[in-house]
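A, B, C and D label the chains in the order they appear, each numbered from 1.
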Amino acid sequence: MMVFAAAAMGRLMEPHNPNWKARCEAGFLAQEVMGTLGVTIADIAPGRVVLEMPFNAAFTQHHGFLHAGTVTTALDSACGFAAFTLMPQDREVLTVEFKSNFLSPAKGAAFRFEGEVVKSGRTLSVTRGTAFADGVAISTMQATMMAVTTP
Amino acid sequence: MMVFAAAAMGRLMEPHNPNWKARCEAGFLAQEVMGTLGVTIADIAPGRVVLEMPFNAAFTQHHGFLHAGTVTTALDSACGFAAFTLMPQDREVLTVEFKSNFLSPAKGAAFRFEGEVVKSGRTLSVTRGTAFADGVAISTMQATMMAVTTP
Amino acid sequence: MMVFAAAAMGRLMEPHNPNWKARCEAGFLAQEVMGTLGVTIADIAPGRVVLEMPFNAAFTQHHGFLHAGTVTTALDSACGFAAFTLMPQDREVLTVEFKSNFLSPAKGAAFRFEGEVVKSGRTLSVTRGTAFADGVAISTMQATMMAVTTP
Amino acid sequence: MMVFAAAAMGRLMEPHNPNWKARCEAGFLAQEVMGTLGVTIADIAPGRVVLEMPFNAAFTQHHGFLHAGTVTTALDSACGFAAFTLMPQDREVLTVEFKSNFLSPAKGAAFRFEGEVVKSGRTLSVTRGTAFADGVAISTMQATMMAVTTP
């Protein structure tokens, strides 16, 4: 089990919108790529989102493992929605940048993507994510998200 | 037009395998996710690979633009195959890590992904990539690739 | 010679402050660490700053080469001041994040640090930097800078 | 308190050299920049190194806070030596790349730098670091280290 950095650093994560959960779930459904990949929400809490995805050969690289970019797509959404849980009603988030290390082959039947907020600022949020294949950590991400006014 | 860093730094990129081009093309076709996304090779040279992809709503985020992870999937392959063009016959490459900044919305009809080798070492290669949407730079990647013995 | 990405992408970099150069030079002198390290400005233009530093054993790692962090300190300032050249009078920049790859040992007598703006946005600027030791590229950075109101 | 990722992921970190601690301490003393900055070892364990540094105006930026590069220099050494604790007798480590986010101003009297190994591979180690100023998290690093044969 991953221990979440924010909690570990002793800070509480408080939503700024009573509607945060429904808003995140709706935002997630609006990302068409999540449906295409078969990614679903496994858990959602203020400052933390966990996604899941079954193996799908359509998204693999040349050894038949999930492509690093596929893993990153789900991890970016886990981190982005983790930041989104803490946004006020008139704000949404964009990915400014991310960096991922790949720890082990993305080989398995069940994938899990944990995203959490390390620091939620007024404009920028720093997040961290870890991807797992059948329980083994395969990738770790550090990402910056930016709050923008909802169009 | 992007000017390639390696050429700009005055170093020549020499393949170490007479068969480098056919090997890259075969490796690319073996990445099932490339076919799923509709990514194809537009140009390939020693130390440099350019990929293309038409817009596809199935891989979008909540505003209908390509998801950052989709862009990253193609950019990672552009960078990885750029490194692969310089590998000897018994080596292939794995992505160690990458970092991407997102410059503009991934909004457009035609996407282009340029990957190039900045430094090709015996074990590690440093690469750089830029993604374009209808000619506008939308993302820039810095990635580390590792040479591993072909299984 | 490194060819600068922004120019290569066909965009002009225009200062938004007639006083940009004097302001950058003053800001640079105010960074006490630059004097401590012996870093000086070699060249400054809108969207581009080049710094220089002679070898100094006081800032080395265990092989007697400049420490990766020393190289990064100068490269971060090169990138930050490159972004600062394009700021209006009431704005300055903070480093949001950076990522550096190390290409070759930081071994040499004369070090050079080139920073340039890839994209200058209203809030965020994306920059790129390359460090050289006696003309050899030793490190490449991709960094995000944030415009903040001058206190 | 930061909870360490490796322990959190349920893996034990075992040294491969009975002499690991003395070797790390000697390696640390050989990094001249550590002495120049006033950085010392606060704690050292297999897979984990904590460094400390008092504030020093000589290494500050224009607001009088520690320069991002100074923080990164100490954090890189914390991560590098964390990886080094797990190396066999004939190996040492080089920094391949790192990425740091800056969370809060590096403002304080006492700085602390925690580095830990996320994954220790035969060739590459992935590490993570967090810097604190008077107990407040100011920067978080994700870094790749490479094992090389000791010259």
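As a convention for this text, a residue touches a chain if its C-beta (ideal position, glycine included) is under 8 Å from a C-beta of that chain, and two chains touch if they have at least 3 such contacts.
Everything numeric in this text was worked out from a predicted model, so none of it was measured.
Q: Which of the two pairs, A-D or C-D, is linked by more C-beta contacts?
A: C-D
Q: Measuring between Cα centroids, what's the chain most distant from chain B?
A: The chain farthest from chain B, judged by C-alpha centres, is D.
Q: Express in whole angstrom the distance between the two chain centres, defined as the mean CA positions of chain B and chain D.
A: 32
Q: Between chain C and chain D, what's the gap in Å when you average each chain's C-alpha atoms?
A: Chain C and chain D have C-alpha centres separated by 24 Å.
Q: How many angstrom lie between the centres of chain A and chain D, each centre taken as the mean Cα position?
A: Measuring from centre to centre gives 27 Å for this pair.
Q: In chain C, what residues contact two or more other chains?
A: 96-97, 99, 101, 144
Q: State the interface residues of chain D toward chain B in the complex, per the touch definition above.
A: Checking each residue of chain D against chain B gives 96-97, 99, 123-124, 144, 146.
Q: Touching chain B in the complex: which residues of chain C?
A: Per the touch definition, chain C meets chain B at residues 1-3, 5, 8-10, 99, 101, 103-104, 118-119, 126, 128, 137, 140, 142, 144.
Q: Show which residues of chain D lie in contact with chain C when the two form their complex.
A: Counting only chain D, the residues touching chain C are 27, 30-33, 36, 57-64, 67-70, 72-77, 94-102, 151.
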